[in-house]
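See the structures that follow.
One chain, chain A, links the two complexes that follow: it is found with chain B in the first and with chain C in the second.
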Partner chain A sequence: MRELNVEALARVEGDGGITVTLDGKKVKSVTLDVHEGPRLIEQLVRGMTPEDDLTVIPRICAICTLSHRYSAIRGLEKALGVSAPEKALVTRELMMLGENVESNSLHTFLLALPDFLGYPSAIAMLNDYADDVKRALRLKKFGNHVMAITSGRIVHGENPIIGGFGKYPSRKALEEIKLKSHELIPDAVRDVELFASLKYPTFPEAEMVFMSVNAPKKKFGFAGDSILISNGKEANVEDYKKLTSERVVSHSFAKRSLYQDKPFTVGANARLINMGKRLDGQAGDLFKEHYSDGWLKNPLYNNLAQAIEMLWSLEQMPEVVDKIMGMEDPPNEKPTRTTGSGTGAVEAPRGTLYHHYDIKDGLIDGADIITPTAQNLDDIERHMRLTAERLLAEDKKDEEIRLGLEMVARAYDPCISCATHLVTLKRI
Partner chain B sequence: MHKLRDTPCDTEADLKRLLKDVVGHGRLYVLGLGNTDRADDGAGIVVAENLKKPFPEFSFSEHDGVEGTVLEISEKDEVASVVFVDAADLKLSPGSIRVVKKEQIRETEITTHRVAVALMASILAKTGKESAVVCIQPGSVEFRGRMTQPVKKSVEAIVKALAELMSQGDSQAR
Partner chain C sequence: MTKSSPKIGVYGFTGCAGDQLMILNCEDQLVDLFGATEIRSFVMAKSDNHEGELDVALIEGSISTEEQLKRIKDIRERSKVLVAIGTCACHGGPQAMKLGEDKYDEMYKKVYGNAKITISKSFEAQPVDAFVKVDLYVPGCPIDKAQFLSVVSKVVAGRHPYLMNQPVCLECKWRENPCILYGGKFCAGPLTRGGCGAVCPTQNLPCVGCWGPTDDLNISAEYELLKEKGYDPDQIIKKVKKFGGAAVAKLVKDLESKKEAKK
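Take a look at the complex of A and B:
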């Protein structure tokens, strides 16, 4: 028996571990052991007002902060019978586009790309790929800027509220976003070309099921009231429990999800597989050019999907900005009831994010939050197991197996305080 | 918070001496890092916010965007240095200060939540700019907690030392 350790699975967030137990060349088990303590946010917000809830829940995540806020707003507005004005809806679109650029630029370039280019980190890449790293940072900076303009600050902005916005972005700020987003499009095109030129190893391949929200009006987007499943079915977001079937496992503080007793995938690849035909502009053209059957089986294509999506987000911004500028600032809509239930779903950069609320007499009576990474954990384990089995069968060295496992885990862009931190191969 | 190899810096005089050694000539920029939701973990941000008043164009906090700020400084055609200020678990008494030169930055990893200071230092070095990290030992990182007295005192000392060096850098640049 021997063990193969990776001292910290870098470039993800959180404290956990992957244990691969091997019996000769057979993989006995693969577990994603999450050591990060439970955060009990859903319990914490019980008894709070919806407004206080909105201050607390974005703290779940500093990078998906606006996705958490927006998903919560959608759930709370349904529960309270609020219909936000059109200008609020379009401004929310803009903030989600900003978060998408911010997060996808970080993940694709600084977290995932080093694996493909054979570097231990983006820092090591700097000597040979300084322009690419700087391009990623420019995009991230701009994404952050859009988030700050729409939400009030870069992280945990308080400006998006139930029924509208505390304050709508100024015309000057919007015009700057329009100009800058247009300027950055060539950078994003280069990013797509770079990720399309990478060789995507086939070791994790298996048939997959993909889920994403169904953006309204047959357009691509990051929010919706129904869920598209790649098997052709569609479900209302209020049925999220049937779609996710959450369960607890003994080796993890993070809950797990299965759809019809099988793992499934959420993320940019799921969005493009379910809604990619709706992409327009250069993003649409490049998706058509680079899409292949491999996307349906290989989670590593999530990296290319994120690059295409980032381009689409930039291309959308001028149009969205024009829409916002074409509308007067409306008054915020007020709740029409104090008791009710509602589920919000948005596409965080790393996948579908649900926030369900039960409100009684104006206070939170129950909350249920299901994050994208919690939905992906079973799928990550499945593809890691396949990776280990195939690389062992090919007599690959431990270093190569280790890298393969890390690439698969990172491809999902895990963003939880319960992500992996240590890979252990136990041989018995 | 960062986990970094430290260099002793027990007095305000030590701090000035070490910083002067690191920052050399030209403009001095300050970039405060941390989380103000967690008591002393926000010390770096408080330092930067204090320095923004006298030096609005040269002091930035994590709330201004770390990567973008560093990228802009790196692309400026001027002699300049950047001092990052952050809370760090140095296993010392609360409020202890250490200066970490860029060559000593041990942190190498980037996460979804934070781009490594080591990467920022490398980007700055590419255009000949110096950098260092001033670390402050927190006494409490309790969520929604208040900054402890020893850390408050250290923040004041760091602000004073950096303000002096920034003034010098400002006059040199002119």
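Take a look at the complex of A and C:
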């Protein structure tokens, strides 16, 4: 019996590792270890006002800070009977586009690409791929800029609130976003071409099930009130418990998710598989060109999906900005009740994120947050196991198996800080 | 890279990784930063990490497991200067908001039930200085890019950095914002360390206190003042505890003992 360890899984957000236990030629177990300490956020927010909850929950994750905030806002507004004005809804759309560009550029280039090109980091790629790295940093910086303009700060902006915004972005700032997003489209197209040109190893292939929100009006998007499943079914977000069936497993603090007793995938690949036909512009054309059956069984294509999605997000910005500029600043809507329940769901860059709240007499009585990484964990382990088995059967060296496992884990863009329920998996 | 490049390690503990992300968010300086220093370890950003002696360790996050405790002690031993970056490392962060209330076990049970889980022991999150000596505190939730870069460039040159230690109110006045407290809404500005540029009041929103308290906060005077203005004292404490963690827990204790003394 021997163990193959990746002590600290580098280039992911949060503290995790991988342990594979090998018994001769057999893979005994594969686990994504999570060393991140518990924070018990859902318990901490009990008894708080909805406004205070909204300042705490974005701190679950810095990269998905606005997704957490928006998902919570959607849940809280439903619970409190608030219908936000149109200008708020469209401005929220813009902030989600910004976060998508920021997170997808960070993940595809700085975290995932070095694996494919054989470098330890994007910084180490500078000598050979300076233009590509700098292009990625430009896109990331712009994504951050859009987040800062809409939410008030690059990370953990407090501007989006229940019923609207503290302050709407200025016309000048919006004009700049419109101009700059247009300028960056060629950069994003080159990114798609780069990721389409990579070789995607087949070792993790298996049948997969994909889940994402169903954006309204048959459009592509990052928020919605129903969930699409790649088996053709659809469910209301209120049924999130049935869809994700969180459970405690004995070997970890990680609460795990299964759909109909099977692991499933959320993320950019899930969104494009479920809603890719709705993409317009160059993103739509490039999706059609590069989509293949491989996407349905190989999680590594999530990297290409993220690149295409990032292009779409940029292409949407001018139109969304025009819509925002065409509206006067409305007053923020106030809660119409103090007791109620509501579930919000948005597409964080790494997948569907649920926030459910029960509010009693104006205070949080219960909170349930299900993060994309928690939903993906079972699927990550399943594909890592297949990878280990196949590479072992091919007599690959430990180093190659290790890299394969890391590529698979990283492809899901896991955010370990996000998985608030995760702590540590014991090594055998 | 020359032999004399300062050796830096960036480490994340319990938190949201937002302060490490802010380092990566220094897009315009990132290439220079990696070029001028020797980043020995930065797990979130690169794979080739080497542990060993460090000139500067940058620590994000609070400490909440036995394994983390071992790790932070090890980092302290091999680092000349240890810098706590972000509110979680400095004060414990949101996960430490109930420090001193003895509620951890109860909350923990509610999340995980009675499931038998065999992992390394976890405990209520505490700031880094609850366990090892911290040389410099760079607060913020997240940290501010400009302040972070100025601190790093000073520290690697062996100089003492300037860190803002005035409340948010000062920056709010600089920005000529109307006072939110006078508008009748509770704002944590007077109780909170500035450096963020008074970002929330500038958007017509009350300060949420996310940078934690200033070093020399006279909480009893502020508390009495706010009470006089008609703000609910319990609400004041609850709000500043959200981010102030250990620092506020200590201030509240002092406040209570002062009240006792008055009686």
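Heads up, the rule we're going with is that the second predicted complex is superposed on the first by the 408 of 428 C-alpha atoms of A that agree within 3 Å, B and C clash if a C-alpha of one lies under 4 Å from a C-alpha of the other, contacts with A are read in each partner's own complex, and residues count from 1 in each chain.
The criterion applied here is as follows: a contact is a pair of C-beta atoms (placed from the backbone, for glycine too) under 8 Å apart; a residue touches a chain by one contact, two chains touch by 3 or more.
Just so we're clear, the structure is a prediction, and the values are computed from it rather than from any experiment.
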Quick one: classify A:K167 as touching chain B (first), chain C (second), both or neither. second
Now for A:L126: first (chain B), second (chain C), both, or neither, which partner does it touch? both
Where does A:L137 make contact in the superposed view: on chain B (first), on chain C (second), on both, or on neither? both
When both partners are placed on the shared chain, which of chain B and chain C touches more of chain A: C
Which partner chains sit in contact with A:H107 here, chain B, chain C, both or neither? Use first/second/both/neither. first
Go through the superposed model and pick first if A:D413 touches only chain B, second if only chain C, both, or neither. first
Pick one for A:A62: touches chain B only (first), chain C only (second), both, or neither. both
Can A:R153 be said to touch chain B (first), chain C (second), both, or neither? both
After lining up the shared chain so the two structures overlap, which partner does A:H145 touch, if you call chain B first and chain C second: first, second, both or neither? first
Is A:E399 contacted by the first partner chain B, the second partner chain C, both or neither? neither
Both chain B and chain C contact which residues of chain A? 8, 10-13, 59, 61-63, 106, 110, 120-123, 126, 137-138, 140-141, 144, 153-155
Which residues of chain C touch chain A once you look at their complex with the stated criterion? 12-19, 21-22, 24-25, 27-28, 30-31, 34, 39, 43-49, 61-65, 67-68, 93-95, 97-98, 104, 107-108, 110-113, 115-120, 122, 125, 141-142, 145, 196, 199-200, 202-205, 208, 210, 238-239, 242
Once bound in the complex, which stretches of chain B touch chain A? 37, 62-65, 67-68, 70-71, 108-113, 115-116, 118-119, 122-123, 126
Under the definition above, what is the set of chain A residues touching chain C in their complex? 8-15, 35-44, 48, 52, 55-56, 59-63, 65, 106, 110, 114, 120-124, 126, 137-138, 140-141, 144, 152-159, 161, 165-167, 248, 250-253, 417, 421, 423-426
So in the complex, the part of chain A that touches chain B is made up of which residues? 8, 10-13, 59, 61-63, 103, 106-107, 110-111, 120-123, 126, 130, 133-134, 137-138, 140-142, 144-145, 148, 153-155, 413-415
